[in-house]
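Okay, so subunit A shows up in both of these, paired with subunit B first and subunit C after.
So, the complex of A and B:
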């Protein structure tokens, strides 16, 4: 009896090993397939950007003739550099201000207890349910009066991106929630003011979330199309890359601008991707640590 | 319905256990609504009680207070001065002075308030219509500007908010006077201006930190949202832009137009777009969720090497700005794109599409919807994968060990351990991502704008032509930006309805999923 049981366990053990190897092979195949699918567009864009034989869209992948024509055209014939500069400025400014807004908001909601805290959080939850785009109707009117649209749109957009950013406190609040309360209490017992607790105790511990917030702020203007297109209209000097490049793929422009779009895409993607990959560790920490706690 | 105890429940076979659960769920629905109704009733009751308390408190403050407190009912901060809180006294007094100055100067608060004609149906917002008048000097008609409805409404709204702030401040300083009186009566000292300044970085530190972010939220979210709600009751559009033509109050007329399913109403278009929006949000959220989790489990599987590499590949797609990758991918599937052309050459398009001369997936209503959901998986999986990885690592490994010893299969481990755990932690995220997908402008607009497939059966609802794949958010975007009519009022109404949909959904979900109950649990 005992012997028999032993045997079955042995048999199952062997089977499990074999089946695990099989399982791993399947997983590897799936992962490689996935890598191909996910990387395919990026290779496509890079190859497309070096294509010389045509400026429009073609149905084969490998360029017949490689060259830098698209890049030289990009810098000589278009306002791309202006758009790039605009977006860069917006990215840096948004990163700075947004970080300040979000961190103070989330710190207060996470670590301080005061009257009306719950009500405040509920209010922001409810406000978040309105489509944010609609606020642009009024903001556009006011900004137009103040001269913050068209050429000055980058300034207006920085204000729009930052002003309400306090509502996106969830991720960093989740992070602050994980820092033990006893640290604050110990510091308070030692006579620190709340400001000192914030500045000298919590902030040094919060490097990952600070970097995460900066990263998110920096990336926001690169990806935003909806709000930017509203404030900028068709004014080239105030455009961000997203709004400027969007027009290149419209039905009238696509045949002359398609490969140039890809070249511009490569140039836009390089700095953002580099920054992102460098700080990836913090991004992953932010997303996995904070986002799921709501 | 009778609840079974655990033992009886375990005795049931699978089918009847399922039936039992189903019955339990449906039986709980009425009681759920009853609970909801009760909660709302209690809310109202509590509000009423709070208001009553306030009034009682104000009256007792007046009757029991000394002359300084009584005088502070009229002169802001008088009590503060009396009890030696000079700093607060000055602030209150200045506030009162500014308020009255603003209200009574010519073209101040009262002037704007009187111009708005609040909610009088048919009345214009603003009273003086600008017009062309003959001018002797230039010998031609020149434009004599009148009121600008947009401005009139904005200033009117700001004035109302100022009045509310005034009443609140009045209430605050009256209460403070009373507290001062009570403290002095006990023989203690009231807080000095120095104490106040010190507390800015200490006891009141939350106010210091919150001041700027909340100010921003008020000016750029709260105020515009209230304004937008008001706009929904007016006729603000390109023809009535408020400047060259005043717009007027319409009551619920436009709401009726949107919900009118007959000829000339927008009901049919609205219903169609809303149903696709909901369908899209559902599929986009859940396909991403399950597939992202699946990918995370695959990468985390024991024995899989270079985990970091696989993750980095996916994370890179987050780094590259969406408009680059999405616009490119949209073109790939176009009729002259790499994949689109291949589909034609290899005869992979269904005959029904070829017969209708639809040469790319974007040109078929159903195919384009499916394609959008598939492409959204491509966009969304990396995020979910990252999040799920974090959670997977947190699941105690001994759970898996002990279940394996008990003979659980991989599928059982997944459905009994992994999934419930994930559901618990990611419940709130699922809701936010559902709401995010309802308003997912980027994916829909960037993928379909250059491959428009106009839904001609719907005509031009709200002055714009809509595609089969338009969400409510892209519809209202087009309405305000891409159209010559610019029906702002209709955009506002749609915005309000989006809010209603989201609010109802959230309310239900928040009451169902367990992990939203207690935030302190995580600590």
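So, the complex of A and C:
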């Protein structure tokens, strides 16, 4: 190789490096920009919640006076703690039952072969395409007769959140499908029942998807307004945070409750964040490595 | 330790895809049985039916005299080694091997004793605390075998346990399985598509094709007296040369006439032909590559062939030769029997003269492909 060739190659090499660096820079700038845009409302709500000079909406962002007034009002003057407790209970119960339903459903659809399996999967897929609130009137009627509205609404809501949750099998079934079947077979030969295979072999290998399902279940009641407002529909002991707080944004209340609304928003974010942080460490990648010959 | 008996076992997938049919086999206690055959022949399906991982469409499977058709795998007292190891990736090697004992709630000290003893035999003691992903293929397969060993089960099933290993490791593990078998004296059923494994490991070999058993016999039996053309060609490598020719019966003497040569059938084979009352007819003659010998050019027993490929295997030569009609034959010649001059003369295009003795001849019916002497 002569000198000239050598130089061209070096130049090309530098060119590739430089263009890669440029590409990376563009990507990072874009990502940072998106992060700022995405974080902005959160940041705004936190700032609002510490604002002391007014309780309504203002046209500037930075509070003139910082303080915990909104939080003290929240706990002293409102039933927020009860709503929070209600929603928390619903969150935990939904997470437990929904996870159980979804995962067992997915495991069965992934591993067992029975007549009508395909048809069932298709049916659930189609049913899932109809928006849930289509059933709202009927649910209200039935639950009202059963006494599962108003004060008992949280129980009713848990039932609604969990009842059809098995239909959300797609994600976890897809995950289970990637776990080699020979693991099930090995465990069954080793003396495990189907259920033991499920919780001794499949569950430990599916931590990420289990965590995902738990989180989805736990978060559902915090964000659900439409259905909850139907079943609760009056200021009752069964109020959830979403329904309760919505009242503060009405025309008559917004000027006196807006900053408190933001404070409540910050508090609502705490349990969800905590649960996520607690479970996050189980998001381990590549748990199935070494199971079978790749 | 147990006997296994399969009676008219059948497996049908869907409506009419027959995977296994009319499978009858008696496996003695402590016998090492090998199912061998090309892919899709039903050998794995049969093994999985014995394990309980596949439903049995017809017939019965008995283990120790008990019909197990409707028993779950866990109630059959069997151990199984899978082709792809199927180790539990979230458990250490120790826990992988202890898994079945833990399910049975065996006391901790017994678990420890059994697992370490098995690990000792397999030479994987130092890996007991590792996860499967930190092991090589050979080590993983040892763990899989160890997991089956600690069970002390009645029947030990192995589904192509070596086919994921590279050639060298496979030979080594094959020898280890023979040693292992002496240590854990139980009934083995071993599935493979590799005839070498079948020959070296099995007390008896079950050769399968398209869901049917072709022959059951000891390695010597299936090699020396294959029931049909399929078995003859499947067992032995390179495969047996087979060619259509005439069997001639003249004055009570038998001759075969391959490619213009005339070779007398004498000795035991002639006796057997006589005993079966076989007259002159068309046959398929089978001769294994290693059974050819060099012949004198002028002998009327010599077949003239042209060398097309010469594969030097070290201890022997594999000559792919072409006969005047264009038929291809494979001839194996031990290099030690050749002088330097002869070796040099065996090049592309050279003509050689080969023949074979009576005792290595196999006679098949061209229609039924059955061995005429069985």
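Criterion: the second predicted complex is superposed on the first by the 253 of 294 C-alpha atoms of A that agree within 3 Å, B and C clash if a C-alpha of one lies under 4 Å from a C-alpha of the other, contacts with A are read in each partner's own complex, and residues count from 1 in each chain.
Note that in this section a residue touches a chain if its C-beta (ideal position, glycine included) is under 8 Å from a C-beta of that chain, and two chains touch if they have at least 3 such contacts.
As the structure is a prediction and not an experimental result, all values here were calculated from the model.
Student: Please tell me which partner, subunit B or subunit C, touches more residues of subunit A.
Tutor: B
Student: Which of the two partners, first being subunit B and second being subunit C, lies in contact with A:258: first, second, both, or neither?
Tutor: Only subunit B; A:258 stays clear of subunit C.
Student: Just subunit B (first), just subunit C (second), both, or neither: which does A:75 touch?
Tutor: A:75: touches no partner chain.
Student: Thinking of the overlay built on chain A, is A:43 touched by subunit B (first), by subunit C (second), by both, or by neither?
Tutor: A:43 sits against neither subunit B nor subunit C.
Student: Give one of first, second, both or neither to describe whether A:186 is in contact with subunit B, with subunit C, with both, or with none.
Tutor: second
Student: Is A:66 touching anything from subunit B or subunit C once the two structures are fitted on A? First, second, both or neither.
Tutor: Neither subunit B nor subunit C is touched by A:66.
Student: State whether A:229 touches subunit B only (first), subunit C only (second), both chains, or neither.
Tutor: first
Student: Considering only touches as defined above, state whether A:133 meets subunit B (first), subunit C (second), both or neither.
Tutor: A:133: touches subunit B, not subunit C.
Student: Considering only the touch criterion stated at the top, classify A:269 as touching first (subunit B), second (subunit C), both, or neither.
Tutor: first
Student: Would you mind listing the overlap between the subunit B footprint and the subunit C footprint on subunit A?
Tutor: 180, 193, 196, 287-289, 291-293
Student: Taking the touch rule as given, give the residues of subunit C at its contact with subunit A in the complex, in rising order.
Tutor: 51-53, 72-74, 78-80, 82-90, 99-100, 103-104, 131-135, 137, 140, 147, 151, 164
Student: Looking at the complex, which residues from subunit A come into contact with subunit C?
Tutor: Result: residues 180, 182-183, 185-193, 196, 200-201, 204-205, 286-293 of subunit A touch subunit C.
Student: Under the stated contact criterion, what part of subunit A meets subunit B in this complex?
Tutor: Answer in residue numbers: 20, 23-24, 27-28, 30-31, 34-35, 37-39, 41-42, 44-45, 48, 57-61, 100-102, 104-105, 107-108, 112, 114, 124-139, 141-142, 159-160, 162-167, 170, 177-178, 180-181, 193-196, 198, 219, 222-223, 225-226, 229-230, 241-242, 245-246, 249-251, 254, 258, 261-262, 265, 268-269, 272-273, 275-277, 280, 283-284, 287-289, 291-294.
Student: Applying the document's contact rule, which stretches of subunit B touch subunit A when the two form their complex?
Tutor: Residues 150, 154, 201-203, 205-206, 208-210, 212-214, 216-217, 219-225, 227-228, 231, 295, 298-299, 301-304, 310-325, 327-329, 331-332, 334, 336-338, 340-342, 378, 383, 386-387, 389-391, 425-426, 428-429, 432, 435, 439, 441-442, 445-446, 449-450, 472-473, 476-477, 480-481, 488, 491-492, 495, 498-499, 502-503, 506, 515-516, 519, 522-523 of subunit B touch subunit A in their complex.
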